[in-house]
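Chain lettering (A, B, C and D) follows the sequence in which the chains are written, and residue indices restart at 1 in each chain.
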Amino acid sequence: MSLFERLRDDNLDAWKSYTQHAFVKGLATGDLPEKAFRTYLKQDYLFLIHFSRAYALAVYKSPGLSDMRQALEGLKAIMDMEMDLHVELCASWGVSREQLETTPEASQTMAYTRFVLETGLRGDLLDLQVALAPCIIGYGEIARDNASATPKGPAAATYRRWLDEYASEPYQDVAVDFIRWMDKTSQIYMTEARFSALSVIFNQASRLEADFWQMGLED
Amino acid sequence: MSLFERLRDDNLDAWKSYTQHAFVKGLATGDLPEKAFRTYLKQDYLFLIHFSRAYALAVYKSPGLSDMRQALEGLKAIMDMEMDLHVELCASWGVSREQLETTPEASQTMAYTRFVLETGLRGDLLDLQVALAPCIIGYGEIARDNASATPKGPAAATYRRWLDEYASEPYQDVAVDFIRWMDKTSQIYMTEARFSALSVIFNQASRLEADFWQMGLED
Amino acid sequence: MSLFERLRDDNLDAWKSYTQHAFVKGLATGDLPEKAFRTYLKQDYLFLIHFSRAYALAVYKSPGLSDMRQALEGLKAIMDMEMDLHVELCASWGVSREQLETTPEASQTMAYTRFVLETGLRGDLLDLQVALAPCIIGYGEIARDNASATPKGPAAATYRRWLDEYASEPYQDVAVDFIRWMDKTSQIYMTEARFSALSVIFNQASRLEADFWQMGLED
Amino acid sequence: MSLFERLRDDNLDAWKSYTQHAFVKGLATGDLPEKAFRTYLKQDYLFLIHFSRAYALAVYKSPGLSDMRQALEGLKAIMDMEMDLHVELCASWGVSREQLETTPEASQTMAYTRFVLETGLRGDLLDLQVALAPCIIGYGEIARDNASATPKGPAAATYRRWLDEYASEPYQDVAVDFIRWMDKTSQIYMTEARFSALSVIFNQASRLEADFWQMGLED
């Protein structure tokens, strides 16, 4: 059983409130208003800037070269690739890269991103990984859960494009690698006495992810 | 004109949304449900733990001994005094110190506290001070604005006790000292080119403070 | 067996090169040139500024309130007391507080202090404690080892004053408390897989302490 | 006049003690014992690991995306390229990558690397850049100063290889880009009141670089 599975099982309610959020369900059926998705995607661009910073922090905090290389791959994946999906989709709505970068940051964006970063600075690499886990692994699970979904309606193609991105083999590999990387770190830094504190971090991060979906719905 | 005044004037809407929030008005009239205040106070205890960490971070980030001493005074004021007000008020409701420390953290508590801490770690002492300013200076202003308020109703004494604490000369001195300390730092680290970024920090922190009041109301 | 004892036993050569350094022996006999001691003491004042920062960092990195309080006591002990010993001794030689604060920092001072701080930022509270341990516990051991020493010569009173300070019950208590605090942290964060990395930190810190004595001798 | 030029001119003695160190002169003539160069190169490999961490920290601390991209390029340049030169040269002496990674770290390696990292964590991106500058820009200058040198003796080819690497257009571009990047940052974060503190950082970093050459000679 991986550390991720233990953490998820210990926080099933929070995990499901995030991975099975109404936003996600609307995305799979196509009932999600496109306005909600656009709000989400613009905030997610800002989110990815801070997530790049979190991966850079993981490079900094790594106890050895192999961890540094693993974190660097994650950093490059976001800055050299994942952010381009957002730029591409937004461009199709006439929203430029410059507009994206100057979007005012929503409270929910600040909440999750700063929580992840600060958790990493306060603690060690394992704390940082556990704070990152709901995002990285959760997106993979959401896309897999909805692999056969056929969204209907005006934004169907966009929603399918988003789901395909995270259901793709490259992204699924990222998620699996992350689970393994966390297990590797936990072999050195994990104790049973520490599990409850890690579980709180995982719980908080999952709830902040759910808040992030909710932000899209409420805008 | 102090840097604080410039920042406040540049963000009057956000500032008023915080310092004149419905929670504050209800506290002054006594119309605030006591449940809302209790929710707030318990979260504010968790908030103060992280604020102590923020002052400790300010000691760490200080460019010289006099800044370190100033930050240490702030740290001692919270850990050796301010937290006792919360413990005292909560004890009067039968909520123990242990219960306080194990209260689950609300999203809004995480949002503002981690934003402050992470802003300080990312930037310099001035960034950290600007992120702290809405809390430290705002509480003084709120208490002063409502110095002559006479809350009515069942929780009147508690609300008056809270207002008196922050209207007291010792706390007002803390706020004035903080304004001066920020000005002292800005004489070395402030440039006009940097003002807009500092203003964004101040704006975000003020909005996150307003969210924190709102949390109390909505619980 | 405390974690400290395990670390010391795993690094006996480095530990003795520090706690039984020629500087220490000269201090106990009185053969240490007063010039060497003055160089040391002025650098040690700068050292304590950074050590205060390290304790502030420990407050920031603490996983809970009791750790925060423990670290805050250490911070106050240095800034409100230990630095005064240096100011007092230096004043007796006509070296003012201002001169102390503007002494150029020696490479060896930078080396140990920045190593401690950065180790703490990179890792967790336990890493930081292990990096601090040689200084805090070692000074107590050195003073105890030389409790009955009677330095001779022109600087005898100064050397005895220094030894008495660290042999005093208050300082010995600080050292014992630190050993216990580290054990308390290790109950949550220590794994056997992690021991070798902690031992490297302890070894490096002990060697950097020995370099610090050597700096005094060579000036 | 770039910020780098101001800093260098304010610290010419420290700068020359580093860029015109006996180690450098011996490398250009070929009189440097190969043992000294091997000691240096093995420690420099450990140095680059921490320098990668410093660039990762620069990504984390960057105030915006363009700074993040600039820092990421630096990080990739070290981890994906510069470290390979060391591995290649060491392999030619029968020193494997594994041996390189487990070389005990010299005090001088710890001193400069931790100073750079901690300076960055304590302050802002500009502080970090100024601490990095002597290394990045200095190596470019050293290689340019000795562009026409023809080392003699048994290690001539190795020394020429090293000089060519840093005299190469790609590395010279790195140095020029770094000077520009620092100027860009200083346009936002630099004040005259701050110059003396930045100059102290530059001075300390230059002296720690000189210590690093000295370490090679003395081993």
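Rule of thumb we're sticking to: a contact is a pair of C-beta atoms (placed from the backbone, for glycine too) under 8 Å apart; a residue touches a chain by one contact, two chains touch by 3 or more.
Values in this document were obtained by computation on a predicted structure and should not be read as measured data.
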What is the set of chains touching both chain C and chain D?
-> A, B
Between the Cα centroids of chain A and chain D the separation in whole angstrom comes to 36
Cα-centroid distance, chain A relative to chain C, in whole angstrom | 43
Rounded to the nearest Å, the gap separating the Cα centres of chain A and chain B is 30
Sequence positions of chain C contacting 2 or more other chains = 53, 60, 117, 121-122
What topology does the chain touch graph have (line, ring, star, complete, other)?
-> complete
Please name which positions on chain D make contact with chain C in the complex.
-> 53, 105, 107-108, 110-111, 114-115, 117-119, 121-122, 204, 207-208, 211
Provide the residue numbers of chain D that touch chain B in the complex, in ascending order.
-> 60-61, 63, 121-124, 127, 187-191, 193-194, 197
Hey, which residues of chain C end up touching chain B in the complex?
-> 49, 52-53, 56-57, 59-60, 62, 64-65, 68-69, 71-72, 75-76, 79, 101, 117
